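Have a look at the structure that comes next, please.
Per-chain residue numbering starts at 1, and chain names A, B, C, D and E are given in the order in which the chains are listed.
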Amino acid sequence: MKKTALPRLSRKRTTKSGLPSGTLVYTGERKDEQIIIHVIDFDEATFVETELTSVEACIPYKNKPTVTWINVDGVHNVPMLEKLGDCFALHRLVMEDITNTDQRPKTEDYGDYLYIVLKMLSAGKAEEIVTEQLSIIAGPNFVLSFQDGQEGDVFSLIRDRLRNNKGRIRKMGADYLAYSLLDAVVDNYFVILETFGNRIEQLETELIESPTPGTVQKIYQLKRELIFLHNAVWPLREAVSSLGKLESPLIREATVPYLRDLYDHVVNVIDSVDIYREMITGMLDMYLSSVSNRLNEVMKVLTAISLIFMPLTFIVGLYGMNFKYMPELNWQYGYPVVLFAMLGIGMSMFFYFKRKKWL
Amino acid sequence: MKKTALPRLSRKRTTKSGLPSGTLVYTGERKDEQIIIHVIDFDEATFVETELTSVEACIPYKNKPTVTWINVDGVHNVPMLEKLGDCFALHRLVMEDITNTDQRPKTEDYGDYLYIVLKMLSAGKAEEIVTEQLSIIAGPNFVLSFQDGQEGDVFSLIRDRLRNNKGRIRKMGADYLAYSLLDAVVDNYFVILETFGNRIEQLETELIESPTPGTVQKIYQLKRELIFLHNAVWPLREAVSSLGKLESPLIREATVPYLRDLYDHVVNVIDSVDIYREMITGMLDMYLSSVSNRLNEVMKVLTAISLIFMPLTFIVGLYGMNFKYMPELNWQYGYPVVLFAMLGIGMSMFFYFKRKKWL
Amino acid sequence: MKKTALPRLSRKRTTKSGLPSGTLVYTGERKDEQIIIHVIDFDEATFVETELTSVEACIPYKNKPTVTWINVDGVHNVPMLEKLGDCFALHRLVMEDITNTDQRPKTEDYGDYLYIVLKMLSAGKAEEIVTEQLSIIAGPNFVLSFQDGQEGDVFSLIRDRLRNNKGRIRKMGADYLAYSLLDAVVDNYFVILETFGNRIEQLETELIESPTPGTVQKIYQLKRELIFLHNAVWPLREAVSSLGKLESPLIREATVPYLRDLYDHVVNVIDSVDIYREMITGMLDMYLSSVSNRLNEVMKVLTAISLIFMPLTFIVGLYGMNFKYMPELNWQYGYPVVLFAMLGIGMSMFFYFKRKKWL
Amino acid sequence: MKKTALPRLSRKRTTKSGLPSGTLVYTGERKDEQIIIHVIDFDEATFVETELTSVEACIPYKNKPTVTWINVDGVHNVPMLEKLGDCFALHRLVMEDITNTDQRPKTEDYGDYLYIVLKMLSAGKAEEIVTEQLSIIAGPNFVLSFQDGQEGDVFSLIRDRLRNNKGRIRKMGADYLAYSLLDAVVDNYFVILETFGNRIEQLETELIESPTPGTVQKIYQLKRELIFLHNAVWPLREAVSSLGKLESPLIREATVPYLRDLYDHVVNVIDSVDIYREMITGMLDMYLSSVSNRLNEVMKVLTAISLIFMPLTFIVGLYGMNFKYMPELNWQYGYPVVLFAMLGIGMSMFFYFKRKKWL
Amino acid sequence: MKKTALPRLSRKRTTKSGLPSGTLVYTGERKDEQIIIHVIDFDEATFVETELTSVEACIPYKNKPTVTWINVDGVHNVPMLEKLGDCFALHRLVMEDITNTDQRPKTEDYGDYLYIVLKMLSAGKAEEIVTEQLSIIAGPNFVLSFQDGQEGDVFSLIRDRLRNNKGRIRKMGADYLAYSLLDAVVDNYFVILETFGNRIEQLETELIESPTPGTVQKIYQLKRELIFLHNAVWPLREAVSSLGKLESPLIREATVPYLRDLYDHVVNVIDSVDIYREMITGMLDMYLSSVSNRLNEVMKVLTAISLIFMPLTFIVGLYGMNFKYMPELNWQYGYPVVLFAMLGIGMSMFFYFKRKKWL
């Protein structure tokens, strides 16, 4: 069992415990890498893509009429993020939530912008689930996204669509872009679900064909991961639902059906997780019953063999007694008769147990 | 265990993951068959039934005052569906949901038309449940239905009623027709429930009369299917309920009681599925206790037989000792007396265990 | 296990599947008996009681100012019911629900009348629960009740009160009469609950004093019946609650407290069913632990006896060896000393196990 | 197991089944004792305490401006209660609920007075829970309380406070008095909870130190009582909550915080009951695992001892064979060598199993 | 199992049962220590910190325009608290709740001030959870906090921030100070969760590597503590949520986002507790299956060894028979042939069981 694959909910918080609210402290695991700021600025006609290393270069984008998408990859450089937050006039609590990578998925309306935080999931090597926090700030004409992790290829398809002006993404506003980012993350959940589905099917086969004590550990491990997955996805339902119902000018009328569609996808994911959890429960019951069945089999064999040999051993013991007057011992055919009698007893018991399916 | 009978929730999605919303990608399993477009156009007085192969032929039906039912059998021909969608001015997301056959049952009001998606269930050979997505577009005077599967005979009775002008179906509007389609699907659920009921009763008999290790696999398989069935039916409750409460001109006053009736049927189905699931749980408990009971029986037999033969074997061993001075050995009646003593011991223990129900 | 006692939820529906809504098809089990129409017409001063065989005779009662109670015993004569429905202007769906005896308990307000459907329960021979559908139509001055079954004596007390002008039943209107019918049915649930209570107490005693493999089947059977009972009673809560909150002129102000009282009774029944279900769960746990305990007992006996005889058998085998030079064999007191030694070993082990409670 | 200690929910109802609503029938267990009517009439300045035996003597108290508390001890004298009810103009259904001692806790607002019914709990001898119904009628300046049982000392502290003018009870109105009665009952629940807590702790110790088959019966018994306790307390939450939210002139503004406080206490009781129930579930799991562990221990001993003696018995059997040509038998040191070999085998196996913790 | 570490919900209440509401009785465990009153008075410019021993010295702070934080450490000196309560015009019920240390977490709006009560958790020695009640009174310009326990260092960081004018705490009002106190308590919950997380991971390792009967007791102990933890934290969700939604002038607009943030933290804690509880359930299942597996292993060894020695013992018994005419006995190679035959039988069975993984 790879223990490192298991999320550790409470660990990271403690480094922050006791500090005043609004203090920016990075609680994730990356420390040294360079933060990458990737900017795409577009409207239907124009498209500019750059990579920045200084925050100050972001400032002009704030009030440009074109839509600007600033993707920050890495949230461990706190002073840099602080400057960015000040530039876009973000609330201190939002900045705190961005750097604190244990947020529960949620949507918050700060008037001038929306703050959405959720979990990106990816399958690490060895099939364990790796979670990564994604924060999205959706303003009137800008979208900021903050990832704590390697630049996933989850967004690369969106970039392609922007570059090539595919679909309606360049025609619509910042809200549709924010939706597209969310949609890409949720679509990726289905990939994770598929690996879960495969693992469950493998376990089912293992359970039916050759259950071992290790099977129950795999079941437990799967259950554990599903508990965490459930926890990462469940609050997203509420977050996306509230996004769709928001009476905010930041969400245009035309985007609402897409958010409703996104909500359907999230509910679909939650349904699947619930199905998997119920199946895991059923598998555990099946495992326990298979253990009991095997014990039964072993005991039947022991009992049958004991029952065959016990009378035979008694008989040979009987004629091993040293009584002076035992007429059978002196009878010439005593030995073969006893041999045949024992053979008869043994055979008949053997077939009796064979018929009772004990052997 | 037929593994292919089990629905695979997450599989199909992945082919679509990452594409922009509104991209039509067929995610089902049929690929090559010809799409069949079956059109029925009627009002109380007239009735026309045709089969089309080109989408363009549908266009005139859009604005005819008569009620038109266009049933599209097969949703894998994406360009054809796209044309049809454009013709009836359907939203891209609706078209996407129609071709993506993993939708959760739901109702959506797009103003000019209602979009309803649900699952049709049928029992395949080998009793496993086969699900098929049915999308219904209910406009003011047209109903479009999209099936991903063979033309089920679920709708054949409705066609008969239309042809023969039976009941009130020709007198009422498109909303009543849409209701009739939904009702036919839900009525068919009861057929599925009956096969479940039969399988559960067979399992109960098997459980009481001759439980085998295979029984628990059947129980698990049934549980698994019920989980999926529950998932296919549960969201329908909400979908039908919201349909009845919709303040839309598309739903006439006279149709509302029928929708309420439909809702009752759906709740009835859900109740049955819940009952079956609870019974499955009870059956598993019964199976586990029967395994334990059989183990008890086996152990009692082993213990009783061991207890009968152990003292006897001890006695014959005793008189097999080679001490020089063992008075009994020389006594003339030693052998028969020991034989009778052992017979007495064996018999009394046998009857003791018989009375204690161990044998 | 009497299988016929178990309700079969899905069976009956299938005969109807596919027919248009509003088609009257009887789905119960009675086929041939004569339908009995029993009419009581009363106000505070007058009282007339008749039995009709033709539906047409009912018509005059519709608009009489006195309160009329028409009790129809048997819903399998569809044409007759159709005529009655037309006479009182009942909606086709109501008529359909009356003949289809698998309705979920519910209340529906059709403006001119209320439709209430619920389950009457009675204990058949062999203690199994028999359910029967009761439909009540409460109009401004008439009450129609439709029973699918033998004229239960559940209503006989109400008839007596009407005949003898006992209580306030003749002074109040049709709504109070309808309430009285519902109250009689719900009061009868308590009789059923009592038989359940008795069976549970018997099972508890059996479980403590002499649990057998049959006990778990009884527990399962009880659980199964409670699942169905729960299902028959649970929706009634909602039905009665909505009846009390109805803003209908058909329900007079003075009747509302009685409906609230009825609601309390229904909740009381549901509470009891839930208590019984929880107790059943506890009994199953107790049964499983008693099986494990008995296995423990058996194994302790086997182990103790084996442990006593194994060293003794070893010793007698030892002195049965044929070595030429075994000094003990020639010692005069060898045999008695070994005998006493074995007695000592056996006795001390026996008492050791006695003290450890293994024997 | 004391079966008489267990509440029997359904029993009592049946004597009433079928009677018209509003018929007063006593459904409790007391039959003959004298009803005691205890009256306290007070305002801040005056205090009068009397005991009445005739109902008529109550009448003058109805319209006195002082607050009157009439406590009726015993509800089995139906005609007497009927007179009292008429005198204070109580609804027939209220009177019925007072005499029918199986009410679910609830609050009902009848305009001129409030009707509150709940359960008083006390620990009988042998620690079982005894429930008793308490009905409270709170009018503008009178409080009637009806107990079905011995005059509990639950109210004696309130009487003392009234007599000695302690606290604010004499300064406030009838609503505060009613609250005080409820508070006294709920405070007493904590005493019951404490006995439950003690029994659970005893069971926990028993479970860890010396679990016996009787332990599981005690656990089941406790679970059973907690189910009933939960049922007696759970509806009280709703009843007290609705009391606090009532827009009735009968509840003064100043009393509302006290009702909120009472609500907190009720929720506290429910929390405790839920905690106890969860602990019971955990204890059952622990019991089952301890039974399995003991079985494991027994089997390990059996297996180890069998494994030690089986080869030894084989060896002594080997040299008990009667072959003519067995060289070892004639060897002078054969016997001691075999003895030492067996000692070596036995010892090494013994220590092996000792190290493996099987012995 | 340290029993003293377990919270005892019901114990303390009983000393108070029966007393009139509003009677101040200390129900905690401290009796003798000196109460410490620690006062901090500040605004953005000024800062005064004192420690008082007399309550009267608090009075001037009530109406000072600066923000005053009075922290009372110890609630067992009832007369002192009474005076303090009178000085700040607190309701008797509030004072009662402060001294009664078994309150459920809650928020109450008394108009002039808010009353918030919650649990402070800390890990005692031996890892058990110690709970302590914290009451907070938030007035327009004062905050009173009452701790039943040693002055925890939970608040020391807040004091530092006040002394050093760090963050925005000195710039904002009493409501922000109250929020900061709550936030410090909730932040500390994460420390507790971390110790839980560690214990669960240790248990998981123990469960996989070397489960003992003591493991299940640890699991039960952990489950028990989680039940209590859940109970201490769950009502806090409602309390904090209602605080954020309060339409009170005591809560400034600028503080609301902080309360929302606090709410997120509380929900995060609850999520973690729920995850831990689900994991505990999974661990119990795994333990039970590991016990069953070990039993299976033991039984397989017993059965295999029995099956090897039973035929061998039979054979040596066979040639120990004393028949006169047994040709093999006189055959010169009889003994070695039998020896080899037995070796062959023993070896082949040994390898057979080896291959079947029974040995």
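Just so we're on the same page, a contact is a pair of C-beta atoms (placed from the backbone, for glycine too) under 8 Å apart; a residue touches a chain by one contact, two chains touch by 3 or more.
Computed from a prediction, not measured in an experiment: that's the story for all the values here.
Path length between chain B and chain D in the touching-chain graph (shortest route): 2.
Both copies, chain A and chain E, contribute mostly unmatched positions to the interface they share, with under half of the numbers common to the two. The angle of the rotation carrying chain C onto chain D, fitted on C-alpha atoms and rounded to the nearest 5, is 70°.
Centres computed as Cα averages put chain B at a distance of 42 Å from chain E.
Chain geometry summary: the mean Cα position of chain B and that of chain C are 26 Å apart. Counting only residues that touch two or more partner chains, chain C has 288, 292, 295, 299, 302, 306, 313, 317, 320-322, 326.
The touch graph of the protein chains shown is a ring with every node of degree two. Taken together, the chain B residues at the contact with chain C in this complex read 154, 157, 161, 166-169, 179-180, 183-184, 187-188, 190-191, 193-194, 196-197, 201, 204-205, 208, 257-258, 260-261, 264, 267-268, 271-272, 275, 278-279, 282-283, 285-286, 288-290, 292-293, 295-296, 299-300, 302-303, 306-307, 310-311, 313-314, 317-318, 320-326, 358.
On chain D, the positions that touch chain C within their shared complex are 1, 3, 8-11, 13-14, 16-23, 91, 93, 96-97, 102-104, 106, 108, 110, 213, 216-217, 220, 223-224, 227-228, 231, 235, 284, 287-288, 291-292, 294-295, 298-299, 301-302, 305-306, 309, 312-313, 316-317, 319-322, 326, 328-330, 332-335, 338.
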